[in-house]
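The chains carry the letters A, B, C, D, E, F, G and H, assigned in the order they are written, with residues numbered from 1 in each.
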């Protein structure tokens, strides 16, 4: 099975959001490459990249775009690989335009849409890991460990809250 | 100046809407061709068509699509010609998804968005006519006549309403 | 690698939508099972199913729900497998509530959201196929053939439209 | 009758909002406990807590969550107690996603949804008080006093406004 | 503790929705009364009713309204009892206007908002039952039985689906 | 004819918005009074005020509220006077909730809704002036002068822009 | 004071909605005229009408329009009279576009927006009546009577509901 | 063919957005004039300008407005020239009101809507250039060069990203 993941973003200004996908892949032990390629401003370069992706060992493509966010859908039209879309937050609509432009794909050409913004970017990386884990023992283990860590962190946060509340209760009232 | 207009729709089920653009062009004396081509399902055929459009004498491209409506933007990325977008009404969102997917284009690649549905399709044809009228006396005359006809029709509708209301006022009350 | 896909729906009334996922999996040669299980009405049965899914050979879970559509997210919390969500159309909000309830997941627990309604259901099946195709030659071939068929169908629809328009042009005007 | 209220939040970052519920309960003389527990990140711990709540003397559960806000609905599925939901404001959608994810519950599993944000959190505490007041004389009195205080505060604010406006009217015009 | 529930609706045309609340209360063994009273068209009659409700043995008030749905909030302003709001579906906005008008109450005056339409009406009845169950053994039992019945029904629906799918699989393909 | 206008706001924090109505009335030479009165927090005081308004010489009532903005509708239910509503901007929904809560009144009880925020508040004052101008020569003159002033200001702004642009054009390019 | 009201609609297809305004005026004993005039299709005829309205004895103008509903605002720009706007329901957006296009006027040029559709049209007539009642004893009486009738009708509907429910309770259970 | 473009804005505060249209025209070598003219505050001056535009050598009109954004539609009603609309971002609704007020024009009077805000303003200038390029060799060349420059810039940004990522990979981990 191919193992690498490619992340494509429509604008380099999306990086502060998209970086969360890159980091999640790194935490899951998955090799990733990142590209700035636009469905609108550099369509030729995009096509060339997408059509060659499979042969270059890419297994999953993550694409981030905002506004009239055509990038994930246009990529999904040019490759048989699974494509994951990250809707970038927009100043005018909060990213609702990005979300609808990515999720409302016609039957036949699927895109896996994540949440708007950084949470969605992180989950794009984690979803790619869940896919690759199907056939990769080491990724599978990292996914499992990560799920345990999440529960751990919640438990730790809960303990800290209990401690703080009980301190406040013990303190003399102002 | 080129004179023909090409209408592209993402699905043949869009024809009942798109037909209004075709008819408006016909009324304005403009030659038009119509194609079913999808940014997602037939990307290769679409590219071939769009990149050859200018050389084949196309001056303006009208593109209709619904949902994650990428067609007009993807066309505008591949041609220097003016591209007009028609958002198709969708059953789930009334066409708001189509409207946002077409109108919220990034700076650099303009698409001229019309209203959702049939009114927008008719206006796509009329807008193409306003463009071509800039350099074509006969289209200019048709555009002028059409504007007068619109005002005429309103006046006629008003007269009919007045007649009906005055008939009702004259009639013995039930 | 596991090969089976499980489809879960929150209500049996979702079947007319969800069936499109089932059919797409069948077309792709993927074995599927379907369950009616609710995050709200039968939480115990749901948990039991989800926590046992991986061991029973399930590779991907598709979950459909409407309104406060918690099913896909709740499943993703209980399994490391990739989970695909189908937002069911709702009479009051057209499915916008379902879409947001499914897509806006917090960082850490990814759900792959598809379009609202039947198109989304079909794409859920096709997306599962793109995942399984990564490690299954026969699914990979079916995915490739399907993509060609889509382009074919568009071309055929275009030919029929051209024929009809040219017939109409040849016919004496009414 | 049980008397304690449990407040659960999906993330400790929700505390600045949720604190208003805690304070309202305190003002109404109702004992409360607070927990950080997530439907997605710590589902096991959440279940354990919810299923044991009634036996531990909890009468009402208040749950706050944002985005794909499944927490209140998932809790309501696992307990017969009244569950009150607080939609947390989100940066991208202002909390509309949270509101719909909490309020649009299917028939059979009710959640009492409050307003988005701090006002909703305060009202969650007050609504729990209105419930407990049905069988608790001392809470009933506090609820009654609070309602009078609200009217008082409005009257006081009105008096201050009148004073200021009449001062400004008396002052020589700039 | 008071035991009766009052259901108030802003228009008698809301009955097909509101009836589901009435039936749910009946199933839970709770006595209910129903009134047509409008915050806008019969404000005097409404006030009289609301201010006398507690003394007449009403424990919970359920209020249904659509559009600029002020009824639940106006009732909550005039009584210390818990008030549950049902947003009625509207033809123009699907009930989003009703939902926001009911849920976005200011801090100080809580209303427990249910889902838009029939599901919300049913849940209004069930939520009232969860409140009354806190101090009423017989209602508590009915709530518990109902929760079991819900899970049962889901299991039964699942069995029927499995049977149908396995019949279809066994049947010779068309 | 009565001549005074009463402005009511649901919270004293609305004053920065509502002040624009007060100033517009002042500019139009109309006497105004301002009150902090809430449909939810001080319903008794509100009723008393509204029901006595006509007798105290109030001709028009302007009411501002945000969120579940019931104030204008509740006032309109208790008086035959024209009521003008100002939707206050909200942090979560931008004031869409306020707008819908005020504008979507049922047939029978009209409220004249203005734009969200300061522009709407100013227009509330100006609309009251347009009403009073019908029977008051001096207000009519002020309304007429104001309309001329608006056009003047636009012309002046246009002149300044032309000057600036022509200065920039004359300046040596950087 | 002028006494007549003019109703203007942007399209004769709006009549089924607008008629409710006409009927309300008739019930209130107010003389009305109706015109089909469009801000877009017959701008000259519209201007002529609006600029002459005051001199012809029109006191209030009611304007109905849908979609990009510019009619009420454009009228308000050309007359000092009070202008009331009716947002027409649209098939694609339910009338949200009409509502925003009418209500979100800039400071300086007020339009009194009513609810979307028939309820709004009825209220437009009733709001005009509330304005004219300020200086017309006979309209004032009709407005007062109407308000009483509304309350009466609600009371009657309530009585009928009580009768039906008590009949059903008396009937032997099926 | 006429060659000049006129930019009209409803308020001088729109200039920071509208300037992007002016600059794009300048880059494309197209002469432009800018005016502050309002459909609501200076309707007479606007009419005079629009009706004389064609004779003064204007080929395309760009109009920017926010909120109840009537300017582009009102201009399109008074001229046969192509009109391009820029929806200005609004503080309350992010510009959704502007977008709908501009795009949802009735059949017969087309307006070419661009994206909300600065990107839309830039595209308005570029779209005018695409129109004028149809009959102007020098503009056509600039449009072509600009499209190449866009692709170049993307490629350059991609190279810089690759360099940075490879530097980070080479750097010793913190």
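Heads up, the rule we're going with is that contacts are C-beta pairs under 8 Å (C-beta built on N, C-alpha and C of every residue); 3 or more make two chains touch, one makes a residue touch a chain.
In this text the structure is predicted, and so the values were computed from the model without any measurement.
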Problem set entry | Pair of chains joined by more contacts [C-beta pairs], D-E or D-F | D-E
Problem set entry | Self-contact between copies subunit E and subunit G, residue sets same or different by half | different
Seminar exercise, completed: Check: chain pair from D-E, C-D or F-H whose contacts match over half of those in B-G is F-H
Problem set entry | subunit B and subunit F, separation of their C-alpha mean positions in angstrom | 39
Problem set entry | Centre-to-centre distance between subunit H and subunit D (centres being mean Cα positions), rounded to whole Å | 46
Exercise. How many Å are there between the centre of subunit C and the centre of subunit E, using C-alpha atoms for each centre?
Worked result: 33
Seminar exercise, completed: Expected list for subunit G, residues touching two or more other chains, is 38, 41, 67-68, 93-94, 96, 103-106, 108-109, 111, 115-116, 119, 150
Seminar exercise, completed: Inter-chain touches occur between A-B, A-C, A-D, A-H, B-C, B-G, B-H, C-D, C-E, D-E, D-F, E-F, E-G, F-G, F-H, G-H
For this session: Would you pull the subunit A residues touching subunit C in the complex into a rising list?
Result: 1-2, 20, 59, 80-84, 99, 103-116, 118-120, 122-124, 126-127, 130-131, 133-135, 140, 143-144, 146-147, 150
Exercise. Within the complex, which stretch of subunit C touches subunit B?
Worked result: 89, 94-96, 115-117, 119, 150-151, 153-155, 157-158, 160-162, 165
Problem set entry | List of subunit B residues in touch with subunit A within their complex | 10-11, 38-41, 43, 47, 66-70, 73-74, 76-78, 90, 93, 96-97, 100-106, 108-109, 111
Problem set entry | subunit C contact footprint on subunit B (complex, rising order) | 12, 15, 34-38, 41-42, 44-45, 67-68, 91-94
